[in-house]
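Have a look at the structure below, then the notes.
Order of writing sets the labels: A, B, C, D and E. Residues in every chain begin at 1.
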Amino acid sequence: ETTKERILREGRIVVGIHNRSPWGFRDDKTGEPTGWHPDILKAAFAELGVTNLEFQVTEFGALIPGLLAGRFDAVASGLAITPDRCKQVAFGAPDLQAPDAAIVLAGNPKDIHGYADIADDETIIMGAGRGSVVTTNAKAAGVPETRMLLFPDIESNLSALRAGRIDTALMASPTVIGLLAGNAHGLERALPFDVGQASTNFAAIAFRKEDVDLRALYDEQLAKLKGTEAFAAIMGKYGFGEAEAVPPGITATDLCNREP
Amino acid sequence: MTLIDIWLGILQGLGTTAAVTAYGLVFAIPFALAFGVAQYLTGGVARLLVTGVIEFWRSSAVIILLFVFYYALPVVGITLSAMTVSAMVLGLNAGGYASQAVRAGLQALPSGQREAGAALGLSRPAILLLIELPQALITMSPTFVNTVIQLVKATALVSLVTLTDMTFRAKEIAQVEYKPVAIYTALLLAFFVVCYPIALAGRWLERRVAAPGSRADGI
Amino acid sequence: MGFDLAFALSSVPIILGAVGTTLFVALVSCIGAAATGFLFEMVRRVGGIAGLTIGFVIDFIRSTPVLAWLYFLYFVLPFYGIRLGSMTVGVMGLSLYYSGYLAEVFKAGIDAIPRGQSEAARALSLSRRDAVIHVIAPQMLRNIAAPLGNYFVSILKATPYLAVLAVPEMLGQAFDIASETYRYTEPLVVAGIIFLVLALAISHGVKRLERRLLAVGAR
Amino acid sequence: MSTQSDTIVDIQGLNKWFGALHVLKNVDLTVGSGTRVVVCGPSGSGKSTLIRCINGLETYQQGTLRLAGTMLGLNARETAAARRQTGMVFQSFNLFPHLTVLSNCTLALRRVAGRSRAEAEDIAMAHLEKVRIPEKAKSYPGQLSGGQQQRVAIARALCLNPRIMLFDEPTSALDPEMIKEVLDVMVALARDGMTMVCVTHEMGFAREVADQVVFMDGGCILDSASSRDFFGSAGHPRSRLFLEKILKH
Amino acid sequence: MSTQSDTIVDIQGLNKWFGALHVLKNVDLTVGSGTRVVVCGPSGSGKSTLIRCINGLETYQQGTLRLAGTMLGLNARETAAARRQTGMVFQSFNLFPHLTVLSNCTLALRRVAGRSRAEAEDIAMAHLEKVRIPEKAKSYPGQLSGGQQQRVAIARALCLNPRIMLFDEPTSALDPEMIKEVLDVMVALARDGMTMVCVTHEMGFAREVADQVVFMDGGCILDSASSRDFFGSAGHPRSRLFLEKILKH
């Protein structure tokens, strides 16, 4: 019995999230797991009778190991598609465009509007998630490592920004949108933000490599879902618009083969 | 959200914290007793083996053990639940520490106690069970209490293996409610209200243990 | 996801690159914790309001997890105008946290010295300071070598927590390699082994020190 | 008082080493039933070691040691059985601090002799009365004075009804006033005909009850004489010197 | 030997409580320069407490205690200065186990008297010779016998050149053979005219050197008499009973 067959038979899928708004998190009011990827997954599988989504909440660093260890059937927590990750897991079709974005204190006191600004101003300290794609992009844009503080999670980044330990926190734009939709008073997104040469990231749900059939099924369902009212509603729910929509023709395979 | 709301929100993770602690003790106590006694009684190669097992659990970094047991072992076909892995790793780590207390407690007993038992014709197991262990456990009880506190606090790591404990709750609240001062203060207070009574109990025990007639003075 | 030995070996040099930071942080924290702990214990022994307050501070520290302290010092203090570097906060946090435990160790070590020793010092008219330096402290050190060593190992094992403060220590490096390559087991196992080796080296060093301390004037 | 009809302890050519240290050198000693032997000698001379060999707390390397006819040290079970014939009283009492006086006395009765709780308590109370301390049965050792503790230790040893009592400096950890209350109990035991080997420096006691006084130095028995001869002018010069020192002050 | 020209210790109506326990009751005692006082009495009678009050190791609640003219307990600095006039020797020696014999003796000389290392060592060696143990100067206390340790403790106390030596059961933790070597040193000190207050049950010593014998019970001084009167037939019935008990065995 493959994972796909088991999921269809039981009507249940185990999903790993790392508790990150808006990607996949527990709604503090209802206590129910929710978020962009869980909603997509729910919508995609609903008509197949898979209505029972069981969520496992863990740390970001444990998501892929957990998937590979069979602790979850899928990771629905905002993983970006990168060639390195493609060696470990199989990504479903990209569902969201995630350009790098910057959060700053309200009023943008250091006037940050791109990687170049950060690289040029010696006094700016930048924060980012440990091992996140933005660090690679920032380095490529000439930001020295001595002016980068890497934190294990988003809270630490925001706490550090608030505490004045960093001047800006770099993360994917959907994350920024999600954060600012909440109660992050006194913070704002640095707009516009010029990422320079950096290529845009695309997020997707990840499966195990051996579950080819499961991924195929998901891709099929997602294709049907895209363009529907329901999909647009989910986009709207999290405040995503045109800038975040995936342009047609971009596939996971292409992204996997992209030069790093 | 006020400080109180945040604090109550963090306390929602108390169930997990308490469960991991209680289940962890199920590992810690037998391990501490069995291996502490074994280290006390054995010699030579056997003692090296016992010491090796104790040192493995005691000296390894807990966070790494959690990770390996939860995410690496299923690859070789051993799948344990998150609760079991947490309780086992944290419990045996604490048990490793406590085993040293058990051994030290046994070694610290005047040899006259064992000899008096032998002179009365008691067998070695009877001496251990009826004379040595009861006394060692009494003297070591404050250390055990401290081990419980350490176990409670170590649960701050179990979010790595998908459990929602108090520290994880703090981080969850941190994403909806952006107030670092309130959240981290509340987190300190949340642990404090759980652990402080245990610490007080430990102090009380310490005073009891040091009570009448048992205090060696002078030589 | 099998274990790729070649990959594991390739990660060794990178992880070892951070061993300096880890050892530095651990060493400075050990010294800081021992000094603060000793001071705490001395104040507690004097008693009075200061002694009671410090006694409560010690219990408070012991009742809360180190992670919460690090968060607190790093993210909350700046709101009150105190902004310290992450290395400073890390060392301060570990020192403060473990000083609570070491104060307890010192207490036990001093309590275990026969009362006659401090009385003899007083009878010889030694000042309190001289008695502590020349009579109490050296003997306390012999009593506490083993538990002190345990806590030094604990401090070493606590350095990974500094990852939350963006201190580039060993486990953080391992996680960096992991998140770049998405292979977790190998770097973590490598880091785990290095930690274990360092921990065992410390334990061994402490045992030798203990033996030498005990050899002085032994019967 | 009683006849030396049969031999309880029979030691021939006993040698014992602690590592390289030769602590007992060719020791010969026989103790007949009903005899009272006092062992004395300077510190480190091997007195404790000798008495601990007699009840099997120490092993030995050469020679033979027969206790009530059984060779000690050959067979663990026989050694254990023979040891039950002895009652040992230590210098530092070694009562079990976590048990009441009564439980201290009944422990071996119940675990070793297999008596019921009621039986054991009856026996124990009888012996506590013998040492004149029945009212402390429910107390813990830490609540008693040194002399009381030592009397309980004697009662505890008597409970198993030993054929021989071994005492290792039973009064040297006691306050001067309490020494007498313990010695009085021991004298009474001797008068009842109990066989005893007693390491002590209480020469008054030795003079009063000992049939034989043994003087040890450096692991050897230098002198072994009747009490009268020992305290008379005969004997080894070393034992004379020792006696002088401890009687002088 | 020396005249009782001036008073070193002058205690009037001393009362001390440990919590609710009244351990010293209206104690009066004067010790003149060059006098030897022996204090005896049953365990718990307050002997140690009294002697510890004399050198300020214990505080008291009522009465006056003058040491070499200074009221103890009024002023911390004066108390400390007065305490330097006393040398104390404890039952359990209380040598510092981590220091050599020589360092045990020089510690206070260097830290309190402010002597240089060389000076301190000369003084210490002189006193170690006085107690006949100079060859052990480089040993650690753990390597010495009990008697040797106690002699070192006496030398250590003598180093600060005290006007009065206080002894609290200096021989009761010793093996019988070693008691004599320590008593001999104490007798020699007494013959040199050292003022001494000594808690001991060595009645031979008391008879030989004491000018005055004090008997305590229940925190009171029941008897305070010249040595001759005390060992004669006079005195309090309680002290007679006590003497009987400890002299009998």
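Keep in mind that, in the parts below, contacts are C-beta pairs under 8 Å (C-beta built on N, C-alpha and C of every residue); 3 or more make two chains touch, one makes a residue touch a chain.
What you are looking at is a predicted structure, and each value in this text was computed from that prediction instead of being measured.
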**Q.** Chain labels contacting chain A and also chain B
**A.** C
**Q.** Distance-maximising chain from chain D - centres being C-alpha averages
**A.** A
Q) Between which chains do we find the greatest number of C-beta pairs in contact? A) B-C
Q. In whole angstrom, what separates the CA-based centres of chain C and chain E?
A. 45
Q: Give, as an integer number of Å, the spacing between the C-alpha centres of chain E and chain B.
A: 49
Q.
Centroid from C-alpha atoms only, then distance chain C to chain D, rounded to Å. What do you get?
A. 51
Q) Which residues belonging to chain A are in contact with no fewer than two other chains? A) 62, 65, 68-69, 159, 162-163
Q: Could you check chain E for residues that touch two or more other chains and list them?
A: 90, 92, 94
Q: Would you please write down the residue numbers of chain B that are in contact with two or more other chains?
A: 67, 71-72, 75, 180, 218-219
(Q) With touch defined as at the start, can you tell me which chain E residues reach chain C in the complex? (A) 55-57, 80, 83-84, 86-88, 90, 92-100, 107-108, 111-112, 140-143, 156-157, 160
Q) Quick one: in the complex, what on chain B touches chain A? A) 9, 67, 70-75, 79, 159-162, 164, 168, 171-178, 180
Q. Which of the residues in chain C end up touching chain A in this complex?
A. 1, 71, 74-79, 83, 86, 163-164, 166, 172, 175-176, 178-185
Q) Taking the complex as given, what residues does chain B use to touch chain D? A) 110, 112-113, 115-123, 126, 130-131, 134-135, 138, 212-214
Q) Along chain A, where are the residues that touch chain B in the complex? A) 19-21, 25-26, 28, 56-59, 62, 65-66, 68-71, 153-155, 158-159, 162-163, 179, 182-185, 187
